[in-house]
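Below are structures written as C-alpha cells.
Heads up, the next two complexes both have chain A, just with different partners, chain B and then chain C.
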Partner chain A sequence: MTTTSPPRQVGQSPRRKEDDRLLRGQGAFSDDINIPGTVWAHFFRSPHAHAHILNIDSSATMAHPGVLRVLTGEDVHPRYNPIPPVLAVRDAENPDSTAGAPAFTLIARNKAKYAGEIVAIVVAETREAARDAADLLMVDYRPLPVANTPEQAMGPDAPQVHDDRSNEQVRWLKSTENVSSTFEDSEIILRHDFVNQRIHAVPMEPRAGIAHWDPATQFLTIWASIQGAHELRTQMAEVLELSPDQIRSVAPDVGGGFGAKHGGEVEYFLLAIASMELGLPVKWAASRTEEFLSLSHARGKTSQFEVAADRDGRVKALRLRHTTDLGAFPKGATPIVAQTSAIIATGVYGIREASFEVHSVYTNHTPEGAYRGYGRPEGIYLIERAMDMLARDLDIDPAEIRRRNMIQPEEFPYYRTPGGDIYDSGNYPEALERALEVSDYEGLRARQREMRADGKYLGIGLASWVKTGGFGPSSLDPSSSMPEWARVKVSPAGMVTIYTGSSPHGQGNYTTYAQVAADTLHVPLDDISVTHGDTATVTYGSGTFASRNMVVGGTAVLQASQKVLDKMTQFAAHALNADSDSVTYTDGVFSANGSSITFREVAANINRVLERPPGMEMGLDESSFYQPTHLTFNYGTYVAVVEVDPETGDVDLQQLYCVDDQGVVVHPVIVEGQVHGGAAQGIGQALYEDIIYDDNGQLLSGSLMDYALPTAEMMPEFISEFIETPSPTNPLGVKGMGEGPTTGAPPAVVNAVVDALAPFNVRDIAMPLTPERVWRAIQDAQNGDQS
Partner chain B sequence: MAESVSITLTINGTEHSINVEPRLLLVHAIRDVIGLTGTHVGCDTSQCGSCTVLLNGEAVKSCSMLAAQADGQQIETVEGLAHADGTLHPIQQAFAEKHGLQCGFCTPGMLMMSKALLNENPNPSRDEIRHALAGNMCRCTGYQNIVLAIEFAAEQMAR
Partner chain C sequence: MIPGAFDYAAPDTVAAAILLLRERPGEGKVIAGGQSLLPMMKLRVAMPGLIVDLRKTRGELSHISNDGSNLRIGSMTSHAHVAGSDVVQDTLPVLAETAAEIADVQVRNLGTIGGSIAHADPVADYPATLLALDAQAEIAGLNGVRVVSVDELIMDAFISTLAEDEIITEIVIPITEGRTGAAYIKFANKASHFAIVGVAAHVVLDDSGYLSRVAVGITGAASRAARATAVEDTLRGQVPTPDAISAASALAADGLECIADLHGSPEYRQNLCRVLTRRAITRAVERARE
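Our next item is the complex of A and B:
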C-alpha cells in the first residue's frame, strides 16, 4: 500500500483538546470527586525528626463526636506489607550485586524517622471532625539525636536512621582506566565543591485521594493524584495482598506532578487500608504544609568536582564524588539515581577519562524522590559551572571553551560516554552557535563592557546541556524495562479513541497523541479522543515520567494506529477487488482499480459480515506495546542575561534564550510551553527555592510563605528556538524534552550572575542566589575571602 | 461545633441559602456545600490564588474569608465565566489561544484574577499584568503565556 498524507498534524500547533473543560472549571481533580457516604482521613504526623514512640493514647480522639477509627503502626504493620522499592538497588558493599533497599514503611511503629512521618490515621465523618480529633491524640515520644546531613550520617557514631542497616545505602564506584595518570599529566587542575540544594516540586494541586473498598464485591477503587494509575495498582496489590484484578486505580485530572507524584505515596495505601477496615469510602486532601513535609524532596546533593585540562581549555578528565541525601526512605529509584546523576557530568563534551564515586545516604529528612530531571540537572550543573571557572582561569571566552570541548556531530549516532550513557544523536555545536546568534552574544558582551564603564553589572551565562529521555530500554537492565501500551479503536461511525498508559497531567497528550494518530489515519483531530489514567479502561501503563510520553507512549500510539490502518487496507482491498499492495490511501480515501472507499465507509462496513473478506474479524480495535531499545538524549544551549545590583545583591534576570533539540517537534506551542515551565523551575532553583532544615531536622521552609515559589514578576522573558536532529531510536524521531529546561536553566543563570560579578572577583555563589548571598559574596571577595 | 449559621450566597446569579459552621471557609462552602468544584485549594497560607473568586466584582481569595462573611454578597466563580449560550468568555478563549494553561489547576484562579484586572485596567502593560498576578501561582507555564493570554484578551475585549 502507498499512502499520501494530508497536511501533517505533527509539527502543527492545533488548540489543545483538553483546554475547554479545564477553562470552564469542569476538570475533575481528585479532591473534586465525591462519593455518597464518604468519610475523611486526617494523618497525624511526627513533630520530631527522630524519636522513639513510647505510647499512643487515642481515647480522647475516639471520644470526639464523629470519629470512626484511629489506626496506628500497631494496627497496620502486622497486617499489611510495606511498599516495595520500585527498582532494585545496588548493594553498598558489593557494587555488582543488587540488593533490596529497605521497603518504604507505611506508618511509623516504635520510631519516627522524619518530621512529617505518619504516626496515626484518624477517620471521621467530616474533614473538620477528623482534624479536630487528631488534635486530641496523646503521643509520648523520646527524641533521639538526628542524622541531619549525609556527611554527618556517614560519620562515626552517627545516629542510625534504620536499625537494620547502615546509613549509607549505596556506595558506587566507576572509573575509566587512565584517570589518575591524566590528572598527573595535566597542566591545569580545577577543584571545586558544589551544592545542589534540596528543593521541592510543588505541583499546584496538593495530593488528594479517595479509596473505596466494597466488601460485597471485595473490590477496591482508588482515585489519586498520581502520575501513573497502573503502578499504584501494582504496589497496592502487594501492600494489601490483593490480586491486581481486585483493584481499579484511577488518575483523574492531575494538577502537575513533575516527578514528585510518580509512584504510590504512603497516604494512598493508608486510605485503602482505612476503607477496608471500615467498608466506607475514605477521602483525604493534603494541605500545602503536608506536601512540604511529606511529598518527596529532590536534588539534595553535595559534590567534590575536579577537572584536568590543558592550557587551551581542553578538558581531559574529571573526578566526581557525589553524595545524595536520601532522606529517611528510598522513594522510587532515588538511591541509584545518584549514579545516573554522576555519569552525565561529562555533559556535551568529549571528555574521555572520568571517575565517579557515589554515596546515597539516609538522614532524618523527608524522603528524596524524582523531580523533573531526576539527577541530571545536578550532574550538568557541575560541568557547566566548572567550564565557566576554567574559562575565566585561562582567559578564554565561555562560548569558545565549550566549542573546543564539544562532542562533534560526526561522532553520532550512539556516542558512548565514559560513564556508559549512549547519546543517540545531535549537533551540539549547532545548538551553541544558534544560541549565540539568537541572543546576539557579541552584542551582549559589548553592552556588558559599556555598562561596566558606567558602574552597572550585566552578566551573560551560558549552559550547554544534555538530558536523558524516553525511559526505559530493556538494554539498560531487563528488570527495569518500561514499555508503553496503546490501543486505537475506530467506532462504526468512524470516531477514533486512543487508550494510552501514559497519562498526562499538563503535557497536552490529549492533543499530541491525537496528532500522531491523525497523521496515520487521516482523521480530523475533532474525531479523535484520548482515554487514560484508569486501569478499568487501559490494559497496561508504565506511566508518565522521565521525558517518555511522546518517545515511548507516542510510538505505541503510532504502532497501534498502523495496525488499524493495515486492517482497513485489507478490507478496502477486498471491497475494491484489488491486492492490498495496490491500494493507495490519500486524504482518508482508499483507492484501487479506479474505484474508492472512504475511511468512514470502511469503519462502518467492516462490521457487516457479508462485506468482510473471509477470515477477517469484525471491528477495528488494535493495541500495541512499544519497548524502546535505547534512551534518547535531548540537549541545547541556554543563554541567561542578568543585571546585578551590587549594593543590594538583587539579581534582575532579564532574558533566558533557550535553544533546544528534542528531535522532531510534534506540537511547537506545547513544546515551547514546556521549555518556559521547565526553565522557570530551573530558575527557581538557581535564584529562589530552598528546603531548609534546622539543627533538629525541623523543616523551616515548609509553606508557601517560607518557600520562595516564583511568581510572575520573578520570571524573565523566555525566547525559545528549536533545532531538529531526529532521534534514530524511534519512528517518530522524537527525544522527549520536558526535563531539559530544568537541567539547562540553573547553570545558565548562576554563570550569568557570577559573570556579572567578575569585576568583584566573585568566583562562585551557592544556590539559591538570594540577594543576601550575592551581597555577601561580593563583600567576601572584596575582603579577599575567595568563595 | 454543633452551632451553625444560616447564610445566603448568590453565586453566578443563583441564590443558595445554606447552613454552615461559623468557621467554614468560603472556598469550602463553594466547593463542598454548593458543589462548584472549579474553584481550587492550592495552599493554606493565602499565597497561591487557586481559590480566587470575585466578590461583588473584586478578586478575593476564598480561602481567606469565612463563608459567613460573604452572607448576602454576589460571588462569581469560574463556572459563571462563560456566556449563557455556552461560548467561552474572551479571557477563557485567550488562555486557550495562547496556551496559557498546562495542568489547569491554577487556571480558574488565574481567569478570575484576570477578569478583575481587566475590569479595573482594560489595557494593562505586561509589567502591570505580572504585578496583578503576584498573588496567583502557576508551576507549569513560567507565566509567559499567561501574560500573553491576558494581553490578548484585553485586545479582544477592546474591539
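Our next item is the complex of A and C:
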C-alpha cells in the first residue's frame, strides 16, 4: 500500500486540545472528586527528625466530636506490608556495588526517622474535625541524635537511621583502565568540590487522594494525584495483599508531578488502609507545608571533582566522588540516581578515561525521589562548571574550550561513554555554534568589555549538555526495561480514541499523541480523543517520567495506529476488489482500480458482516506495546546573560538562549514550552531554591514564604531554537526532551554569574546564588579568600 | 492549613466593633484585609475565638483625602487604592510608590494600611515610609479617639501599643511644601517578596540647595522599623553631594540590631541598609531638584 498524507500534523503547532477545559477551571483533580459518605484523614507527623516513639495516647483525640478512628504504626504494621524496595542497580556485574534497599515503611513504629514522617492517622467525619482532633494527640518521644549530612552519616559513631543496616546504602565504583596514569601524565589538573543543593519540585497541585474500599464487592478504587495509575495499582496490591484485579487506580487531572509524584507515596496506601478499616471512602488533601515535609526532595549531592587536561584545554580524564543524601527511605530507585548522575559527568565531550565513586547515604531527612532530570543535572553541572574554570585557568574562551573537547558528529550513531551510556545521535558542535550565533556571542563579549569600563558587570555563561530520554530500554538491566502500551479504536462514526499508559499531566500528550495518530489515519485532530490515567480503561501503563512519553508512548500510538490502518486497508482492498498492495490511501480515501472508499465508510462498514472479507473480525480496535532498545540523548547549548549588582549581590538574569536538539519536533510550541518550563526549574536551582535543615534536622525552608520558588517576573527572556537530528532508536525519530532544559540551565546561569564577577576574581559560588552569597563571594575574593 | 474554630461578627460601625471586642476579652481580633491574620490562623499561630470583621465599616474607614495640610487615609483603605490614588500622587507620591511595592495584586486589593501598621510586621513596607513622613495614627477606643505617631504605635516585632479593644481609624500624614522629594527602595527576599531591607527617604531642600529636612525610615533590618537618625543628623544642613550622601549613608545601620534569617545575615542587612539608604536619598534629592 502507498499512502500520501494530507499536510502532516507532526511538526505543526495546533492549539492544545487539553487546555480549554483546564483554563476554564473545569478540570477534575483528585480533590474535586466527591463520593457521598466520604470521611477525612489527617496525617499526624513527627516533629522530630529522629526520635523513639515511647507512647501514643489517643484518648482525647478519639473523644473529639466526629472522630472515627486513630491508626498508628501498631495498627498498620502487623497487617499490611511496607512498600517494596526497587532493587535495580545499574551495573549488576560490578562487584563493588551493593544493592538491597530497606522497604519504605508506611508509618513510623517505635521510631520516627525524619521530621514529617507519619506517626498517626486521624480519621473524622469532616476535614476540620480531623485537623482539630490531631492537636489533641499525645505522643511521647525520646529524641535521638540526628544523621544530618551524608558525610556525617558515613562517619564513625554516626546515628543509625535504620537499625538493621548501615547508613551507606550504595557504594559503587566504576572506572576505565588508565585513569590514574592519565592523571599522572597530565600537565593540568583541576580539583574542585561542588554542591548540588537539595531542592523540592513544588508541583502546583499539592497531593490529594480518595480511597474507596467497597466491602460488598471487595474492591478498592483510589483516585490520586500521581504520574502513573498502573504503578500505584501494582504497589497497592503488594502492600494490601490484594490482587491487582481488585483495584482500580485513577490519576485524574494532575497539576504537575516533575518526578516527585512518581512512585508510591505512603499517604495513598494509608488512605486505602483507613478505607478498608472503616469501610468508608477516605479523603486527604495535602497542605503546601505538608508537601515540603513529605513529598520527596531531590538533587542533594556533594561532589569531589577532578579533571586532567593538557595545556590546550583538552580534557583527558576525570575522577568523581559523588555522595548523595537519600533521606530516611529510598523512594523508587533513588539509590541508583547517583550512578546515572555520575556517569553523565563526561557530558558532551570525548573524554576517554573516567572513574566514578558513588555513595548513597541515609540521613534523617525527607526521602529523596525523582525530579526532572533524575541525577543528570548534577553530573552535567560538574563538567560544565569545570570547563569554565579550566578555560579561565588556561586563558581560553569558554566557547573554544568546549569546541576542542566535543564528541564529533562522525562518532555517531551510538557513541559509548566511559560510564557506559550510549549516546544515540547528534551534532554537538552545531548546537554550540548555533547558540553562539543566535546570542551574538562576540557582540556580548564586546558589550561586556564596554560595560566593565563603566563599572557594570555583565556575565555570559555557556553550558553544553546532554540528557537521557525514552526510558526504559531493554539494553539496560532487563529489570529496568519499561515498554509502553497504546490502543487505538475507531468508532463506527469514524471517531478515534487513543488509550495510553503514559498519562499526561501538563506535557501536552493529549494533543501530540493525537498528532501522531492523525498523520497515520488522516483524520482531523478534532476527531481524536485521548483516554488515560485509569486502570479500568487502560490495560497497561508504565507511566509518565524520564522524558519517555513521546519516544515510548508516542511510538506505541504510532504502532497501534498502523495496525488500525493495516486492517482498514485490508477491508478497503476487499471492498474495492483489489490487492491490498495496490490500495493507496490519500487524504483519508482508500483507492484502487479507479474506485474508492473513505475512512468513515470503512469505519462504518467494517461492522457489517456482509461487507467484511471472510475471516476478518468486526471493529477497529488495535493495541500495541513498544519496547525501546536504547535510550535517546537530547542535548543542546545554552547561553545565559546576566547583570550583577555587586553592591547588593542581586543577579538580573536577562536572557537565556537555548538551542536544543530533541530529534524530530512533533509540536514546536509545546516543545518550546517544555524548554521554558524546564529552564525555569533549572534557574530556580541556580539562583533561588534551597531546602535548608537546621542542626536538628528540622526543615527551615518549608513554605513558599521561605523557599524561593521563582515566579514569572523572575524569568529571563527565552530565545529558543531547535536543530533536528532524528534519533535512530525509534520510528518517530524523536528524543525525550522535558528534562534537558533543567539540566542545561543551572550551569549556564552559574557560569554567567561567575563570569560577570571575573574582575573581582570570584572563582565559584555555591548554588543557589542568592544575593547574599554573591555579595559575600565578592567580599571574600576582595579580601583574598579564594572560594 | 485549617484554622481553629472561631465565632464571627461583622458589625456596621466602629463603635459596635469596639463593644464586641470589649465583651470577649482575650479572645477577639478584628480582621481587615485578612492578608496577615488569616495566614497566621491557618498556621494556628493565631487562634482567636472571635473574629470581628471590619468590612461593613468601609464607608467610615476607607477613604483618602487632603485636608490642606495633611493627607488622611482611612485605616481600611487598601494598598491598591493608595497605589492608584490621584490625591496621593499629587501630595505624597512616595506612599503610592510604597503601596505598589507590597506583595501582588490580589494582596494589594485586600490588604489595608491600618492592618499593616497594627500587625507590626518587621518586614512590612509601609512603616519605613510612614516613619520617614512623621505619620500619625488615629485610634478609636471605648473612651474616644487618641492620636499617636506611627513610631509610638509600633513597638516591636508583631507587637503594637494598641489595646485589645482599640481600632485604628485613620492615618494622618503631614504634607510638606517647597522643594521636597521622597523615595522608597525595597530589596525583596526572593521567596516571600517581603523586604529584606526597605529604605524610605524624605528630603526638603532650602532655597540655597541645603537639606533643611532629611528623614530616613528603614524596615526589614531589625525587629521593628526605625529612623536612621545618625544618617539624618550627619546630612541635615548639608548640600547633598554624592560624597556627602555616601558618607552619611555609611552610618545607616548604626544603632540597628540587625536580625538574621534565611534571607540575610546581620552583616548583609547592614550592607543593604547602607547601599539602599544612599540610593533612596539620592533619588529623593533628584526628585526634590526636579
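Going forward, the second predicted complex is superposed on the first by the 774 of 787 C-alpha atoms of A that agree within 3 Å, B and C clash if a C-alpha of one lies under 4 Å from a C-alpha of the other, contacts with A are read in each partner's own complex, and residues count from 1 in each chain.
Keep in mind that, in the parts below, contacts are C-beta pairs under 8 Å (C-beta built on N, C-alpha and C of every residue); 3 or more make two chains touch, one makes a residue touch a chain.
Keep in mind the model is a prediction, meaning the values are calculated, not measured.
Asks: Under the stated touch criterion, which partner chain does A:287 make contact with: chain B (first), chain C (second), both, or neither?
Replies: both
Asks: After lining up the shared chain so the two structures overlap, which partner does A:704 touch, if you call chain B first and chain C second: first, second, both or neither?
Replies: Both: A:704 reaches chain B and chain C.
Asks: On the A-aligned overlay, A:330 touches which partner chain: chain B = first, chain C = second, or both, or neither?
Replies: After superposing on A, A:330 lies clear of both chain B and chain C.
Asks: Applying the document's definition of touch, where does A:647 land relative to chain B and chain C: first, second, both, or neither?
Replies: second
Asks: Going by the contact rule set out at the top, does A:128 touch chain B (first), chain C (second), both, or neither?
Replies: It touches chain B and chain C both.
Asks: Who does A:688 touch here: chain B (first), chain C (second), both, or neither?
Replies: So A:688 only meets chain C here.
Asks: Return the chain, chain B or chain C, that is in touch with more residues of chain A.
Replies: B
Asks: State whether A:29 touches chain B only (first), chain C only (second), both chains, or neither.
Replies: Only chain B; A:29 stays clear of chain C.
Asks: After overlaying the two complexes on chain A, where does the chain B footprint on chain A coincide with the chain C footprint?
Replies: Chain A residues touching both partners: 128, 132, 287-289, 704-705, 709.
Asks: Quick one: in the complex, what on chain A touches chain B?
Replies: The touching residues are 15-16, 18-20, 22-29, 31-32, 128, 132, 201-206, 253-256, 258, 285, 287-289, 505-508, 669-670, 672-673, 676-677, 679-681, 703-705, 709, 711-713, 715, 717-718.
Asks: If you look only at chain B, which of its residues touch chain A in the complex?
Replies: On the chain B side, the touching residues are 1, 21, 23, 31, 36-45, 47-48, 50, 77-79, 81-82, 88, 92, 95-97, 99, 101-108, 111, 129-131, 133-147.
Asks: Any idea which chain A residues touch chain C in the complex?
Replies: 127-128, 131-132, 135, 287-289, 647-648, 650, 687-688, 692, 700-701, 704-710, 714, 770-772, 775-776
Asks: Sort out for me which residues of chain C touch chain A in the complex.
Replies: My answer: residues 1-2, 4-5, 44, 187, 189-192, 194, 196, 262-265, 268, 271-272, 275.
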